[in-house]
Amino acid sequence: MIPRIRHLTTLENLSRECIERLLDRAITMRDASAHGTRKLDLLAGRTILNLFFEPSTRTRTSFELAARRLGADVINFDIGFSSTSKGEELFDTLHTLEAMHLDAIVVRHKVSGTPDELVRHAMSGVSVINAGDGNRAHPTQGLLDVLTIRQHRPDFSRLTVVICGDVQHSRVARSDVHALTKLGAGEIRLCGPASLMPDVNEFPSCKIYNDFDKAIEGADAAIMLRLQKERMASTELPDEAAYFRQYGLDSRRLAMAAKGCLVMHPGPINRGIEIAPAVADGAQSRILEQVANGVFVRMAVLGEMLGR
Amino acid sequence: MIPRIRHLTTLENLSRECIERLLDRAITMRDASAHGTRKLDLLAGRTILNLFFEPSTRTRTSFELAARRLGADVINFDIGFSSTSKGEELFDTLHTLEAMHLDAIVVRHKVSGTPDELVRHAMSGVSVINAGDGNRAHPTQGLLDVLTIRQHRPDFSRLTVVICGDVQHSRVARSDVHALTKLGAGEIRLCGPASLMPDVNEFPSCKIYNDFDKAIEGADAAIMLRLQKERMASTELPDEAAYFRQYGLDSRRLAMAAKGCLVMHPGPINRGIEIAPAVADGAQSRILEQVANGVFVRMAVLGEMLGR
Amino acid sequence: MIPRIRHLTTLENLSRECIERLLDRAITMRDASAHGTRKLDLLAGRTILNLFFEPSTRTRTSFELAARRLGADVINFDIGFSSTSKGEELFDTLHTLEAMHLDAIVVRHKVSGTPDELVRHAMSGVSVINAGDGNRAHPTQGLLDVLTIRQHRPDFSRLTVVICGDVQHSRVARSDVHALTKLGAGEIRLCGPASLMPDVNEFPSCKIYNDFDKAIEGADAAIMLRLQKERMASTELPDEAAYFRQYGLDSRRLAMAAKGCLVMHPGPINRGIEIAPAVADGAQSRILEQVANGVFVRMAVLGEMLGR
């Protein structure tokens, strides 16, 4: 019997069994929804607070929908995004929210490690869920990505995944690698411009590529990362068109991947930069399945943490 | 049996029967409320999302109240109002929201036609409700205006309505004309400074006036439009006082209208510009009835679209 | 039988019995919560609207939690904080909200007296609750402060309280004095730099100090006020360190107070300016009890006003 998780700041410290249980729970949530159950009351009387120090309407909305579908109340604690709340000021905010008897805090912060700091300083039984911290982790994104892959390619031991783009600054890439590694993925390839690749020692189990034509070859899933446009300057690439030619996923490259290769992206997509419109909207695109799975995964996490 | 509406982007394509059914439903909602029913559960388990690209606290709040009184959950999707989201970016947002299994999207956008674009690109069963698009339409405002008139002047065939102000840029005026025309209003007069009047061919069934003294004569209802102050520059008028003298509704002009002429305004009012304070607050003012009817009309629309 | 309150703009016009009943109600709310009741349905079907013209995430969240725990719906009416809405414009907003059939409006405004203006202009049965107006009053803060003191020092006749800081600009200080006076507190001391002290005639029942070493002596409770940093310029003090040396609460000063002196602050605290970190986090600190009591007091006020 694997104990329930109480916080979720990264997937690194979760067991394979725990991750699989969360994915199975997400499928249960999806099936209930498919059978017409619009609302469960698993979290009736619970209050979830969204504490976003970086704007992210999509992720906040996904968490809000997940919480409400389980019957919880949701409070959006709108700190100004110009706020640099950190250190004691951040912990005073945490303790104030704890004193108000909240059940969970969903936090996004640009400083890596902030959710773990909140866990360390929490005084009551509040649960902390990381909705993205700096470059470090975005664990519910990692879960929804492996859930989406598992629905199409259940045997991870034979799976080759390529993650392409600005890996160095991507919390999505890190949480994907954590989840894929835990689930025993056959091969994980990381690809991007040299200046946007992480230190070679950070991902010892992954293969590093700079040539996307080689990285895509035979891949069962391609996870394309969003390019922050301000990062272009730090690459050797002159412009977005050049980036797309070298690292964009178009039909030619998709044809080099394994048959039926899953096309994935955490969104929002930059059409014509990371991905060709025809590929984003094509038959192999799983991008909207990822969005749908995001709600189910977040329902699973909240249900596991706070359900009776 | 008239089929239920699935989207509401404009009143132009609704039949008279459909409009009357929505007005009757609104009265049912009002009566339930008057008899102490604070909450219906017609939309229990449904989720409505407010997608406002222009700020409008009043209209958003009216939709939010309507949805909650029917038992629905409401999500405010706060895109920055500086966002110029359009084209593919807008449709990607739409598809993301659809993938999250929302039941309806209430949209306001400064570009005319945006709600219809959303309807055309919608992939799932989501309903789209226009809460105002550019100069084009604001259908729930049109409905609440004719509901307010019908409560006092049920026989539209004998009705003379004057709509006064910046007709050219007014989605309220357009939706009012659509609704009044469908319901067979006897005479519709449009009045305003020449530079703020629409092309003469746009409203063939309306009479056009530049002299408000003539336009108000014998009117059963006067709908005063809000003047966007930045429009003053494009008129031949030197200042707001001059606007009020020529196009404001004061007691003298109201006395020229038919006995008991209904005084209406979509709000928020500019006192002393479109309307004299004594008239806005006077016995003939229906402005707050319009606000109350707004909630009932939106309940009717949501109930019709999403109710079991 | 003391009649129910219908509005709450200041504690000045409440009787001692009424204040005690609200405190007792707050304890009932706390006990229900302590026994595992997460949600009451006292306000099911009611709608509370937050109308904040000054940003205050903490107070707004506390009211929102209180309302939701009683089963009410909550609408956040997000007027831009740059708005200077006042006079007729403010009353038009009020009347619009009343027409939408809200049950209560929680208002914060930088102009003193705004909530009373709303009460005077209200046309329907809406209740107005002051969440802070200018320098004048913050009645739920006053209630939560005396509730916190009462839990530890039930005999107010023998109580000495010191309120220290920018008393002149503090609505918290004023509401605390109102509540403490009504409940018969033995001695109320006000302390701060001369330039930040109110007119001597405003608080005839209080003792005025400029020397915090003298004011703290023998005090049973010390309420430290937040220093708005822009106020420093108007004092004779060169910087925040000098302020802390003269008016900050540190361990040395706390030792001069009565044994077990309650350390209080309305939050958010400026560590090292009003209060030493060791004191804010020490065994005598009641700051987080204040936060918890804030939710219970607001539940009590809403329940009294709107409950069946």
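In order of appearance the chains are A, B and C, and numbering begins at 1 in each one.
Following the convention adopted for this analysis, a residue touches a chain if its C-beta (ideal position, glycine included) is under 8 Å from a C-beta of that chain, and two chains touch if they have at least 3 such contacts.
Note that this is a predicted model, so its numbers are computed, not measured.
Here the chain-to-chain distance from subunit B to subunit C, counted in touching steps, is 1. Between subunit A and subunit B, two chains of identical sequence, the interface residue sets overlap only in part, with shared numbers making up under half of the total. Each chain gets one centre point, the mean of its Cα atoms, and the points for subunit A and subunit B are 41 Å apart.
Across the assembly, subunit C contributes no residue in contact with two or more other chains.
On subunit C, the positions that touch subunit A within their shared complex are 33, 38-39, 55, 57-58, 61-62, 64-65, 68, 267-269, 271, 277, 288-289, 291-292, 294-295.
Against subunit B, the residues of subunit C that register as touching in their complex are 44-47, 49, 73, 75, 77-80, 88-89, 92-93, 95-102.
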